Amino acid sequence: MKTGFYIGRFQPLHNGHMSAIKNALKEVDKLIIGIGSPEKCYTRDNPFTAGERVEMITSALEGEGISTDRYLIIHIRDIEKYGMWVSHVEILCPKFEIVYTGSPITKMLFEKNKGYEVREVSKDIDVSATKVREELLNEREWEELVPESVSGYLKKIDAVKRIKDVEAKD
Amino acid sequence: MKTGFYIGRFQPLHNGHMSAIKNALKEVDKLIIGIGSPEKCYTRDNPFTAGERVEMITSALEGEGISTDRYLIIHIRDIEKYGMWVSHVEILCPKFEIVYTGSPITKMLFEKNKGYEVREVSKDIDVSATKVREELLNEREWEELVPESVSGYLKKIDAVKRIKDVEAKD
Amino acid sequence: MKTGFYIGRFQPLHNGHMSAIKNALKEVDKLIIGIGSPEKCYTRDNPFTAGERVEMITSALEGEGISTDRYLIIHIRDIEKYGMWVSHVEILCPKFEIVYTGSPITKMLFEKNKGYEVREVSKDIDVSATKVREELLNEREWEELVPESVSGYLKKIDAVKRIKDVEAKD
Amino acid sequence: MKTGFYIGRFQPLHNGHMSAIKNALKEVDKLIIGIGSPEKCYTRDNPFTAGERVEMITSALEGEGISTDRYLIIHIRDIEKYGMWVSHVEILCPKFEIVYTGSPITKMLFEKNKGYEVREVSKDIDVSATKVREELLNEREWEELVPESVSGYLKKIDAVKRIKDVEAKD
Amino acid sequence: MKTGFYIGRFQPLHNGHMSAIKNALKEVDKLIIGIGSPEKCYTRDNPFTAGERVEMITSALEGEGISTDRYLIIHIRDIEKYGMWVSHVEILCPKFEIVYTGSPITKMLFEKNKGYEVREVSKDIDVSATKVREELLNEREWEELVPESVSGYLKKIDAVKRIKDVEAKD
Amino acid sequence: MKTGFYIGRFQPLHNGHMSAIKNALKEVDKLIIGIGSPEKCYTRDNPFTAGERVEMITSALEGEGISTDRYLIIHIRDIEKYGMWVSHVEILCPKFEIVYTGSPITKMLFEKNKGYEVREVSKDIDVSATKVREELLNEREWEELVPESVSGYLKKIDAVKRIKDVEAKD
C-alpha cells in the first residue's frame, strides 16, 4: 500500500486544493492531508479554525464521492525551526513514502533528511486562498473558486462577515 | 446528526479504549477521537508517536468492522493552561455536542463554559495504559489487554524494546 | 456593581486612552484596565516596559482625580491563538460584564463565546500611540498629545532617547 | 516614597499571606503584590484562576480596611529560567526598592543582580496554602485559616467542589 | 585577563564580521563570539544552520591564524523579551567585561543594567550579510565579500542552491 | 578527520565526565561537548549557569593539558519533543559521525534516524553529579570527586552556599 502526504492551510479550501488532492489520489492508496497552522484562526491570513477547515475538507471530499478510507486528516502544528520540520511531520503522521509539494525547500528537506520520494503537486486549476479571501472581502465572484459544498459551508458560517471582521481588526 | 468527543493518549490503545469507543458509537453518528499529548513520544509515559497511535486506532477500528466514516482522529496538543482547554478543543475540532469523559474537572469545564452534554465514559473492561506498559516492560501477559490488531502492530514495531529503552533512559 | 473591561498597550498612554477610560468610568463602577503585550519592551512598537506603563496609568488617573478603587490594572499577556483569547482574559481578570472595544473581531469573539455586552470605545479625542511615538522620535509637539503627568514621566525617563535608541536598533 | 514587592500564589489567600502583607505595609508606602503562576488554574496545586485570586486579595484587604492606594496587584507569569527572574519582575512592575521574601535563592538573586534591600517576610501566623487545600478537600476546619471575606468568597464559588474535582482529575 | 563579547548571526560570516573580530582581539585576551538566532535555519533571512555557522567561524579564524584559545563560540538563543536580554546573555556566557556592539539599544541595556564597558564595533570593511545573500541569489560577485575559507565552505554546501530554495519557499 | 559528540549537563563537571571526555578524545580528532539544559540554573537539579559550566569545562581541560583545538563546546537547549532531538542536535552542531552515550533511547534515536555510529560512553570512574551536589550540600568530601581546577572554581563562586540556597528555595 502506498501512502502520500500533502499539506495545506486550507484558508479556505479551494478548487486548486481539490485538484491536487484528486490527482494525488490517482497515485496513492491513502493520502494524509496535513492541516498547517491548525491553531491559528480569526486573523487576516488564517480566518478559519482548524475545526472549520476539517469540515470543509470532509464535505468537499464527500461531494466528490471520495471515500473516507482513502484519506486521513492530520493537524501539523507550526514549529518555527524549519530544520526540524521533517521530524515533526514524521512524529505526527502514520508512515508515508511520497510527499506532494510545490516548495523547493520542503523538497530539499525531505530528500536530504530521509530519502522520501518527492513529487510536484499537480494542480489543474490556478487559484490561491489569498485570492479567495480577497474576493470574499469584496463580495465578488468567490463562489466559483471553491467546491460547491465549501461554498455552502462558507455561507452557513457567514464567511464574508468573518473576513471583514478580521480585516478590520486592530 | 449527533457528534461526540472522546479523548485519550492511547499509549497504547487498549481494550478499555475500544470498549469506550464502541459504546460511544452506539449513541452518536460520528465520534471525534482526540489524541492527547500528540507531540510527546519516546518517553516513559508516552513511548509511542502520534503517528503510531493513529495507526493503532485505525487498525483496531478496522478490526472491529467500524467504518472510517463513523469517526475522525484529531490531534489535541497539550496546553498547560487548563482553563483555556475547552476553547482549545473547540478550535481544533468540528462541531460536537456530546463529551465523553471520566474526569470531573473536564466535566466541570465543559458544562461551565458552554453547556455541552457531558456523559460518563462507559467502559466494560477495566484496564489502564500504565498497566499495559508495565506488562510490556516485564514481558508478561500484555497481549490480552489490547485488540488483536494492536498486538500485531506492537510486535511489528518491537514495542517491548521501545518500552525498555525509554525506561532505561538517563 | 457593574464592572467593565478595556484593553490597550499604552505605548505610551495618550489623551485618547484617557478619554476612553473616563467615558467608560461614567458607565461602570469599576474598570479593569488590561495592559496588552506586557512582556514586550525596548522595541520600536513597544518601547516602554509594563512597569513603566503601570506608572503612566496610575499617575494619569491620579492627575484626573480618579480614585484607585475605581479601577484595576491587569497584565494580559499576548497569546498567539486568537480563538482562545476570551478564555485567556477570563482567567486573568475578576468577573466583568461589559467589554469596551473598537475591534470588530474582539466584539465578535466576546459576543459569540459568552454573551458579554460589548460597547464601542468612546473617545472624544483622535490620537494614536503610533503618532505619539513619531512625534517623540522627531522631537516635535508630542507633549500636548498625552496627559500632563505622563508628559512629566516621559521626560523623567528620557523617552525621546529611548525612542531613538529602539528606532536605531539593529 | 518607599515601595515594596511581595509575591505569592495565593491558592488560596490565607491568614499567613494577610499577616505578611500587613507587616510589610507598616514599612512601605506602597506594596506591589505579585501573583505567581497567574495562568495556572483548575489543577491540584493551582485550583483558582488569577482573576479569582485578585478578587480574594481585594476583598481581604478591603475587609482589613486597607485602602486601594496602598497596594498594586501585578501578575508575574512563570518563567522557567530562574536566572532571568529578577529582570522579568523589573519589567512587569513599577519601580520598587524593598523585596519581602522567605526564599534564600530569591534573596540571593535580588541582592546579586541589583543591590535591592531584601527583607525576611514577617508572618505572625504559621499556615500554608497546601494545608488550606487539604482541609478544603476533607471538608475540615478550613474557614479559620483564611480571612473572613475569603471564606465567604470560597463558599460562593464552591471551592470544596473545585478542590475535589481537580483532585480527582485523571 | 580581559574578555570581550561580540554577537552576530553570521548568515553568512563575511569580511565585516572578520574585521570586527580581529579588531576586538587586539583589545581583549579572549573573545566570546555569540551566534544569534542559532535555531533558525532554511529561511530567507537565516539560510544556514548554527552548525554550519560554527564551521564558517572556526575555518575563517583558522585561515587568519587565530588560535582556538583566543575565542569561544556560544549560541545565544533568541528571546522575544528584549528587557531580559542582558540576563540571558550573562547566563549563557562565561564572565566578560567589554561588549562590542553597533546597536544603541544593546548599548543602553548593557550600560543600564550592569555597568559593562560598551565599545563601538570597529569594522574596516562595509558589507552586510543581506548583501552577501543577494549576491549569492543572483550568482554575482559574492566571493570577494567573505573570507576565502568561507567561500570554499559555501561552495561545498552549495549555498547558491540553498539561497535559491529558501527564496522560492512557499 | 573524525568528530565525536558527547553531551552532559555538567552540574557540576566531575571526574566521570573528565574520564569520558579523555577516553573519547583517544578515538576522535575533535569532540563536540554539548551542554544540556543550558538555560536552567539556580535550581536544585541545575544549580550552575551555562556560563559557569563553560568555565568549568575549559579550566578542567586546560588542567589536563588538552588543547582548545581538540574540542568545541555547544549549548544544546532542551526541547521537550524527544522524537525531534536528533534533528535539533544536527542543527546546532558542526557535522559529527560518532555519538558517545550511555542512554539506550539516545542510542536508538541516533541509530534509527541517521545511521550514526553510537559508542558506549567509557568512564573509568563511577561518580554522578547528583552525588557531588549531595556532598556539597552536606559539606562532605566533594573535592575529590571533581578535577582540581573545578574544585577551585566551585570554591571561588561559593558553590556550597549556592547549593544550600537552591535546596531551601520555596
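Letters A, B, C, D, E and F name the chains as they come in the text, with residue numbers starting at 1 for each one.
Here is the rule we use: contacts are C-beta pairs under 8 Å (C-beta built on N, C-alpha and C of every residue); 3 or more make two chains touch, one makes a residue touch a chain.
What you see is a predicted model; the values in this text were computed from it and never measured.
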Joint neighbours of chain D and chain A, given as chain labels: B, C, E, F
Length of the line joining the C-alpha centres of chain E and chain F, rounded to whole Å: 25
Rounded Å distance between chain D and chain F, as computed from the means of their C-alpha atoms: 38
In chain E, residues with contacts to at least two other chains: 39, 41, 49, 81, 83, 90-91
Category of the chain touch graph - line, ring, star, complete, other: other
In contact (per the touch rule at the top): chain pairs: A-B, A-C, A-E, A-F, B-C, B-D, B-F, C-D, C-E, D-E, D-F, E-F
Residues on chain E engaged by chain C in the complex (per definition of touch): 80-83, 103-109
Residues of chain D defined as touching chain B within the complex: 39-43, 49, 162, 164-166, 168-170
Complex interface listing, chain E residues touching chain D: 81, 83-84, 86-88, 90-91, 113
Of chain B, residues touching chain A in the complex: 38-39, 41, 49-52, 54-55, 58, 67-69, 72-75, 77, 90-95
